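Just so it is clear, A, B, C and D label the chains in written order, and each chain counts residues from 1 on its own.
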Amino acid sequence: MDFSISAKAQDYLKRVKAFMAEEIIPIEDEYFRTLRQQENPWVVLPVIRELKAKAKAAGLWNMFLPMPEYGPGLTNAEYALIAEETGKSFIAPEIFNCNAPDTGNMEVLAHFGSEEQKAQWLAPLLEGEIRSAFCMTEPDVASSDATNMAATAMIEGDEIVLNGRKWWSTGIGHPDCKVLIFMGLSNPDAPRHQQHSMVLVPKDMPGVKVERMLPVFGDLDEPYGHGEVSFTNVRLPVSAVIKGVGRGFEIAQGRLGPGRIHHCMRAIGASERVLKLMIERAMSREAFGKPIINLGGNRDIVANARMAIEQARLLTLKAAWMLDTKGVMAAMSEVSQIKVVAPNVLQTITDQAIQMHGGAGMSDDFPLTQIYAYARCLRLADGPDEVHRGLISKFELAKYKTKSK
Amino acid sequence: MDFSISAKAQDYLKRVKAFMAEEIIPIEDEYFRTLRQQENPWVVLPVIRELKAKAKAAGLWNMFLPMPEYGPGLTNAEYALIAEETGKSFIAPEIFNCNAPDTGNMEVLAHFGSEEQKAQWLAPLLEGEIRSAFCMTEPDVASSDATNMAATAMIEGDEIVLNGRKWWSTGIGHPDCKVLIFMGLSNPDAPRHQQHSMVLVPKDMPGVKVERMLPVFGDLDEPYGHGEVSFTNVRLPVSAVIKGVGRGFEIAQGRLGPGRIHHCMRAIGASERVLKLMIERAMSREAFGKPIINLGGNRDIVANARMAIEQARLLTLKAAWMLDTKGVMAAMSEVSQIKVVAPNVLQTITDQAIQMHGGAGMSDDFPLTQIYAYARCLRLADGPDEVHRGLISKFELAKYKTKSK
Amino acid sequence: MDFSISAKAQDYLKRVKAFMAEEIIPIEDEYFRTLRQQENPWVVLPVIRELKAKAKAAGLWNMFLPMPEYGPGLTNAEYALIAEETGKSFIAPEIFNCNAPDTGNMEVLAHFGSEEQKAQWLAPLLEGEIRSAFCMTEPDVASSDATNMAATAMIEGDEIVLNGRKWWSTGIGHPDCKVLIFMGLSNPDAPRHQQHSMVLVPKDMPGVKVERMLPVFGDLDEPYGHGEVSFTNVRLPVSAVIKGVGRGFEIAQGRLGPGRIHHCMRAIGASERVLKLMIERAMSREAFGKPIINLGGNRDIVANARMAIEQARLLTLKAAWMLDTKGVMAAMSEVSQIKVVAPNVLQTITDQAIQMHGGAGMSDDFPLTQIYAYARCLRLADGPDEVHRGLISKFELAKYKTKSK
Amino acid sequence: MDFSISAKAQDYLKRVKAFMAEEIIPIEDEYFRTLRQQENPWVVLPVIRELKAKAKAAGLWNMFLPMPEYGPGLTNAEYALIAEETGKSFIAPEIFNCNAPDTGNMEVLAHFGSEEQKAQWLAPLLEGEIRSAFCMTEPDVASSDATNMAATAMIEGDEIVLNGRKWWSTGIGHPDCKVLIFMGLSNPDAPRHQQHSMVLVPKDMPGVKVERMLPVFGDLDEPYGHGEVSFTNVRLPVSAVIKGVGRGFEIAQGRLGPGRIHHCMRAIGASERVLKLMIERAMSREAFGKPIINLGGNRDIVANARMAIEQARLLTLKAAWMLDTKGVMAAMSEVSQIKVVAPNVLQTITDQAIQMHGGAGMSDDFPLTQIYAYARCLRLADGPDEVHRGLISKFELAKYKTKSK
């Protein structure tokens, strides 16, 4: 049992913190102000491209990939602490080329992509030249049960033909988004987890149409966005299928483990940011003759936040460590656990911080409602809390002989 | 102890329900779609003016005022059930001329206005020809402690001069908003609750400037809006002061009681609407081979929602009945109680409904995030939860001899 | 909508309060001290018999029965307020002859008993000469599903023969307990709710054996107690069956409605007692230079308690009023709602009061752990929370067309 | 970051688990049955002495002390996992000579005792020949604020004279309890944390009187017990003072850190035991045609329990690791954090397990109410939750420049 941080992770952490403090945090407010003033906010502002170049030059790039051939080769547990830092800013992840869903998509390609697929899509993603989206959730079915998926990816000769409608395809609004990973039903008669395929789809392919961008609590989250996308007879060569027809779930399982960890650590970083905002506000304003922090249960709220964050962080690190040392399958319960815990911690603390800010907390003078919306999304994205709780209890019950199934 | 509804209230309730079902609910989606498409959404769409005329003609107008000279003369307890119905739509309150903050402002004028003030402002408000705003909360101080208020309303000869900055002035963006009630410090040396005055300010007065409109969870809430307003040497005759210099808190206390009840009952109506959406969604979608409603703890969520709503409704009715029969002072604890309970019930249920809707719940395909933002506002508007909890416990402790103060 | 209390209820309430204040509260501590010192605590101490006689003479007797032929004839809503008062003492209910399970058993006999059954058992129960128990729950099955019941009540000629094992038969340890109501399976082939019979069993009948008394949080709750009872070939004439073979569930349903209300109101009275203890303690002790009540979130705890109690009381009154005016079937959701709410409120507040008392709260210097155990029991007795939540949601969903059942 | 367990800890853990499984768990029920049948339950049953001898012979003895001269010399983090195991039985800690309050008292003596004190008291404690108690909390003041302490330990010449009343002196009922550590006020005029002394008091000293044993939820917790003890002019040589007059708080601070960790890990072990009981019960009973585990939100309860336990364990390990590597002062926030978290997790899960057991859960057929009472105690013992929350927030706020104190 050793809770200390490796020298390598400490080094990256220190450099990422410095980069955040010197380059990113100081320009973030101005960035969002400028973006909101754009007639078309679906753009990459120059400052982002500049900072990406700087981060890349500094080697603070692709830190999420454990394979040394693609970057620093940090373990998941090491990267977790980096992701926590980047979670304190909404623009940091892209700047370090560590943004969802590109991270997960790059992992998929690194693990399962053919050489051709890697050359065509992984290479430019690793360079940060293009971005990507992941098209899995569907509007017409309860996607909490992934086997409900109704979109099709049917083999016809040496082609695969995609049809259906997806939504919550995050990042699809980004001007650099060039490729989508589409998941659809190929073999309705195969066993339940061998029916679906993952297919690489150029975004400008005929038949692919972004029908609309979806707001989250009224926010379109430009320039990334969450799209509803229709696929109408989209024809691709079979070589666009990743790993093989019917292997979609197998890939998804591998993809989601580390990706969930990244989100959770970012959520923890965001929680620390929110706690800081809460305390600073509550120490600087007075009511009834005292700083707000000294009124009623406010100090208890701070203490509870600290306990919740600390525990969530440890659980994420444990899950990451299990991914690193025991593999995705052995880490499934822990990954689901932290997937439930971290967003709920963030949502709760953010709600309390809003309350402690008074009206200001609801406005965009502070990033609180934006963070709140992020937390709220995470409780649904990559599987809703309920599905993860179900999975956790399934693992728990499996330890016992039972007449329930 | 009689929980039945009076014949008069039943009659109005029935007619309001019918009006909602036939005239308002069917056009609401289209109304919001149209509004969003306006280049300038700070407008009153014709359908609203038409429906206002219809409601007025039907006598479903000014139902919030207990005084028979101004309308049907329903008691607060009777009106509570009406307000619950109107809370099921965001546009209904205006259509029945029962919208905050006009309701509270009309009450202030009806109770405390001079004949001149009534003729100038109350008459057109009662007719629904103009609308109003209430300028109390300030950006630069913790307004949870109202005595923190820093804006000034200083007597100079036979004029009163207003200076300062207010925000969260709801309704100030409405094109019909013609008058503001401003509260400011007049006598810093008077006893703590006799320092402030309420002043009627024409919105187009020189020195009054709406600096910006404040978003709530990203939503500007057009065409009402929440404004930040500066007052710079706004000069008015002393006759613009309501009731008298230094009597602002006295008026505020009377104003807020019934107003809080209205909001709470609307929150309960909104809760019923959300519960309905939740159940309909959860009964109509399937996952893992079952309707979602039958999965995990979802039925418990429904049961808990029913218990929470039922209790909140009863507490609101009790508080309203106390206002009607014992007066504002005797009802203070109950009013504070329901002020805490109702918005929290609505916020909790709405969060659960969002979760049960999956991604759709976060988008604007459903009114859930809009309702969520409304609930979130209510936990701060008219005094944050914390202040009300403090008041409730103060009343509780006052029942005992004590060495605490 | 009228929250005022009828003159008749006010009169009884005033007299019950006075009797409690003058006769019961002053002797309660001494009573328990004396009882604990008995070698055999399964006794009725003389003070109880004296106070029963006094209460009876004062007409404060059998107040729970709405039928005027048996007592004051208070409605359920009127009695609810009386029950709240008696809930502030563990010995008061017996003194007023309003103790469970006798109350429910008397109701059963009054409604469904034959003239012979009434003469034999109802008359002495009404006089307070004997006491009774109710034998329904079983140790070997999940009794939350009442149809699991495995004990049998089989007709053999003109006799009915009882076999099986029951537990949590409350009151069976009382020296005056003379009769049990036993519920068992008679017709396994009948429709699900027509299989069981209720049978009146003299406690000293051969074949009836109290196997042991069950502790609740270590407390045997003398001299009432909760027994585990075996029934071995207990033979009774068919005339011992209440209402008819196979009508057990029908009776149970009628029995449980008002009985649950009584328990809930007593729980609310107990909650008021606990809140009082909490405040008195927290106002009288100091830590860190302040009365404890002024530390941290303690005042919020008081405010939350007040809101929870107030809402629970209103919901109980509403449910009682529905029983009175709409009948048992129409009140089923409300009765289940309050059955969940009231014990949970009491449990929560008592836990908080224990915490505010420090170590003393866990000891028997205060009645807090005893009250806690009572609350904990109520969350299981007469149906666990879970079953009631299930029922509430079933009523809720029944308002909608549905594909779930 | 390494969550693996050292080879040494694994070895001890494996042997403790085997010892528990083979020697302790099989006899525990019988032990408690036998104890309850004793006329005088304040005894050490022979089986305990036998098992102590066996454990000692196996080297599974004094595992809590990190100093290698006194035992295996496990770190706090290593011992934490052992303590978790022993927390699954109420008798295990004594058998391994790892029982509170002896552990804390031995630590005090090992760190701060004079050679004479070590020879007289530490040696027989280490051998398991005698036991001890800790007399700090007082009945007449709010002991949450330790500086409230009113008992006195006054120097008179070369003697120290003790007066006052203590309670919640755990273990004082044990027949082997021979020595008490008493804390009292020596220098009222010294700085706030230098006023008190710790004194070693033979239990049979004249003037020491155990006034009564205190029940916890009705349970006297024999043969350990929680005593109320009066000290009347107890005269001891100054050499009975530990470390020096006025150094009581200094010692207490050092004593409490590891002791809290031990309790927390035992609470986590108890939580695992409760979760196991819950699942086994819920998988083995049926209601409404399904195993109870598959009803309503029961699987969610299991999942939530797993997440809570996992997080509490990680936080305890982190706190233990900080004690080991950074020292008591640096670990203070983490120690307070886990002191709040672990007992609350145990209390919540136990309440849910009781509910899932139905009536059986409240009786002594299962250890649930006993465990519940243990959890409830822990929320007050060694400082109530509220004091720890206050401390945690103080550390948090200290990170910021502030005008609050």
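Keep this in mind: contacts are C-beta pairs under 8 Å (C-beta built on N, C-alpha and C of every residue); 3 or more make two chains touch, one makes a residue touch a chain.
Just so we're on the same page, UniProt names per chain: A, B, C, D = Acyl-CoA dehydrogenase.
What you see is a predicted model; the values in this text were computed from it and never measured.
The chain pair B-D and the chain pair A-D differ in C-beta contact count, and the higher one is A-D. Of all chains, the one whose Cα centroid sits at the greatest distance from that of chain A (Acyl-CoA dehydrogenase) is C. Note on chain placement: the centre of chain A (Acyl-CoA dehydrogenase) and the centre of chain B (Acyl-CoA dehydrogenase) lie 38 Å apart, centres being C-alpha means.
Once the centre of each chain is set as its mean CA position, chain B (Acyl-CoA dehydrogenase) and chain D (Acyl-CoA dehydrogenase) turn out to be 53 Å apart. Once the centre of each chain is set as its mean CA position, chain A (Acyl-CoA dehydrogenase) and chain D (Acyl-CoA dehydrogenase) turn out to be 42 Å apart. Among all residues of chain C (Acyl-CoA dehydrogenase), those that touch two or more other chains are 296, 299-300, 386, 389-390.
Across the complex, chain D (Acyl-CoA dehydrogenase) meets chain B (Acyl-CoA dehydrogenase) through its residues 296-297, 299-300. Within the complex, the chain D (Acyl-CoA dehydrogenase) residues that touch chain C (Acyl-CoA dehydrogenase) are 137, 139, 141-145, 148, 167-168, 214-219, 285-288, 292, 295-296, 354-355, 358-364, 369-370, 372-373, 376-377, 379-380, 384-386, 389-390. Taken together, the chain A (Acyl-CoA dehydrogenase) residues at the contact with chain D (Acyl-CoA dehydrogenase) in this complex read 1-6, 9, 77-78, 275, 279-280, 283-284, 290-291, 293-294, 299-300, 302-304, 306-307, 310-312, 314-315, 317-318, 321-322, 325, 333-334, 337, 340-341, 386, 388-390, 392-394, 396-397, 399-400, 402-404.
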